[in-house]
Amino acid sequence: MTSSDATFMVWLMLDVRNISLPSLFSDLSFSLAQREMLLIRGTNGAGKSSLLRMVAGLIRPSSGTLFWEGQKIQLSAYQQSLLYSGHSLGLHPEALLKDQVNLWHYHYRVEKKVIEAALHIWGIAPFANQKIQHLSQGQQKRLSLSRLHSLARPLWILDEPHSSLDAEGRKILEDTLARHLERDGLAILASHEKQPGMREICL
Amino acid sequence: MKFTLAKPRYFFKITNFLFPLALVLGALCFAAGLYSALVTSPPDYQQGDAMRIMYIHVPASWMALFCYGALALFSLFVLVWRHPFAEILAISVAPIGALFTVLSLVTGSLWGKPMWGTYWVWDARLTSVLVLLFLYGGYWALYKAYAHSAQGIRAASLLALIGVINLPIIKGSVDWWNTLHQPASITKFGGPSIHPSMLLPLGLMTAAYGFYFLVLFILRARTELNKRKLLVQGNLS
Amino acid sequence: MISRELYNAYLHKGSLLSTFAFFALALFCVSLTLGPNETLLRQSAPGLIWILAILTIFFSTPLLLKREAQCGLLDEILLHPSLTSTYLLSKVMAEYLFIALPLALMSFFLSPLFALSSVETLSLLLTLLIGFPALSALGILGSLLTLNTQGGGLLLSLIILPLTLPLLIFGLSVMEMTRLGLDSFPSFCLLMGSSLFLLILGVTAGCWALPFAAER
Amino acid sequence: MKPKHQRFLIISLGLVGLGIAIFLVSIAFRDNLVFFYTPSDLSQKKIHPEQRLRVGGLVEKNSLKREGQKVTFHITDHAKILKINYTGLLPDLFREGQGVVVEGHLSEPDLFQAETVLAKHDENYMPKEVANKLKEKGLWRDDR
């Protein structure tokens, strides 16, 4: 039972009030309660990634504010409770897979066995001694997404998680997202595909 | 870049009034200054006529430092308050400052030949003014290196603010190290050690430089503003 | 964070080889072209070694950082709870261990190429070791500023070299003094003072530059 | 530890560093960095003969002897005298009683072979007539 299965007792609520970015979007507001998933859809270059990066606190909006758990976000505490997975996967191409595990161990101060357990779930554990750049794009994506299991973070911000995943990968992703929501988690996805029955914002 | 029209229209209003005034006053001061510098003012007791270069060299150096100070101030506005109009002011002032620095360096070394016996000596004051020129160059290169000017200006502004440390070094370099360059004559405590008859042309020339700067600055700022307007309307790539 | 950075640098030791090769090769070429005339070598050696060390750092740091940025690691660092300044300091320390020390040792062992006496090589080693932290801090700052541009090492040197001048001048005056046998203490203090100041300046400006560089 | 403490620690560390840097720089300026040596400096310090250095001082009155291109004169800092010989054109600012900086090397303990002569200029600018008037009144202090 990896640590990420614990349910989140705290009352969680993300509230975004009329944030705007020059020439992309302005006065955009939305809020996200527990067990809710939001889909951001839009054409290429519509600002999906910028919006996600702003919600993750990487870019400062030119106007508007974000609220987490009711108060204005305090950046370092807020970023402790979110997990951002962007287009670039955050991996070291030259490193071996097990080096990447060590790096995450140092970076996120998470037990190595937790990370390895997550690798098993995503089915990439056998490639431990391979260089990451030799893995296929799909395998690298799985490795990057394995952090969803190894880190217990209530708010997930995923930028096109479905891209370059095969059918099996997508299934694992769907299950993880479903289980995350059951445990009162929140998730914001940016994607091209239309997800049936999910709240969405079009940019 | 969303175009805040409030500030620029206000700028156009003042410059419509200020521009011709600065032009006329500048021309007047320049003429008076040149006349008094070259004709009426007496030669120096030591250097004779070689000293007249001072009337070009000293105001140019002051203007070079002044322009960098203004550039640093605008950069502060760009970084702290993210003011789009400050970007236009900063880009307008930078090349003018570089121009004055080059002028100051050239006239300085021309003056050095008769006075010190060499065009260039690695002396604290001269080196730091050369560094100032490199800072201007670095600022411009960094600004132009970025595709989006909004990003470029912020990177360049940070560089300008870091470079501010160079200004006190230039000012103080003369009295910290007993350098070849003579210490400040005007800002001495015991009052300027320049004879009044030479102070007048210097003052006039400085005023002329000031107006010249104003004219150039307003011209550059307006062209930059108009360029942005056209950019926003989309018919200028 | 520091252990992460050290481990990270340890991982990339392969690419550091090219940096050392560049430095060694440059030293060979310089001492070769200067010819056998000993006094000329002795006088020009300190300056040249210093300039080559600065250029090596200014051309190797942007490569490392550009690779990290492309893999999206800058976002990961920004999201990390610790301050960006701790990241920058640990990066400077990692670079110090993995680039600065080898370079200093190499110039120490290659000093016979420049016919430097023992006391001069010692002072050369000392000044390099003092100057390097500030150099890597400025190098990182410069590469952050030029990350999203095509300029690379060239643009970085253009904008940052003016800032390294005090290090160069005071470092050389220390070596000049030791060569003359005069007391090099005042310029030694100046070197340490300006190196410390530039290190702090580089790190604080870097704190602003890191989130700026992460914005595509 | 909480980010606020971390931030406070880092900022105070930075300020302490700045203090040390300024303190170091001020130590150096107590015995100020020299652009050129004075004759008295030279006598104390042992200098290698072939080492290039700069020496500054005032040209001693009527010590200027000129044979064609070769020029010899003495410079002094009111403590020591140093004999200089130099071949070449002197800058027109060069005059007895005037500050000068010479570059070259010390061939013998008190003979300096100068390669370049730079005339140092103090900061007063004054027309000739005023300078002459001052001289008559005896107010003029020629050497500093």
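Every chain is named by a letter (A, B, C and D) in the order it is written, and numbering of its residues begins at 1.
Throughout what follows, a contact is a pair of C-beta atoms (placed from the backbone, for glycine too) under 8 Å apart; a residue touches a chain by one contact, two chains touch by 3 or more.
Please read these numbers as outputs of a predicted model, since none were measured by experiment.
Please work out which of A-C and B-D is bridged by more C-beta pairs in contact, and write that pair.
Ranking A-C and B-D by C-beta contacts puts B-D first.
So, comparing each chain's Cα centre against the centre of all protein Cα atoms, which one is closest?
When every chain is reduced to its C-alpha mean, the one closest to the whole-protein mean is C.
Starting from the mean Cα coordinates of subunit A and subunit C, work out the distance between those two points in Å.
A distance of 37 Å separates the two centres.
Where the centres are mean C-alpha positions, what is the separation of subunit C from subunit D, in Å?
A distance of 33 Å separates the two centres.
If you look at subunit C, which of its residues touch at least two other chains?
81, 215
Give me the residues of subunit A that touch two or more other chains.
76
Quick one: which residues in subunit D touch 2 or more of the other chains?
3, 29, 32-33
Going by the contact rule at the top, pick out the subunit C residues touching subunit A in the complex.
So the residues of subunit C touching subunit A come out as 1, 3-4, 7-8, 11-12, 14-15, 67, 70-73, 75-76, 78-81, 211, 214-215.
Once bound in the complex, which stretches of subunit A touch subunit C?
Per the touch definition, subunit A meets subunit C at residues 53, 56-60, 76, 79-80, 82, 84, 86-95, 99, 102-103, 106-107.
Which residues of subunit C touch subunit D in the complex?
39, 81-83, 85-86, 173, 179-182, 186-187, 189-190, 192-194, 196-197, 199-200, 203-204
Which part of subunit D faces subunit B closely enough to touch in the complex?
Touching subunit B from subunit D are residues 29, 32-36, 56, 90-95, 98, 101, 116-132.
For the complex, give me every residue of subunit C touching subunit B.
Residues 145-146, 148-151, 155, 158-163, 165, 201, 205, 208-209, 212, 215.
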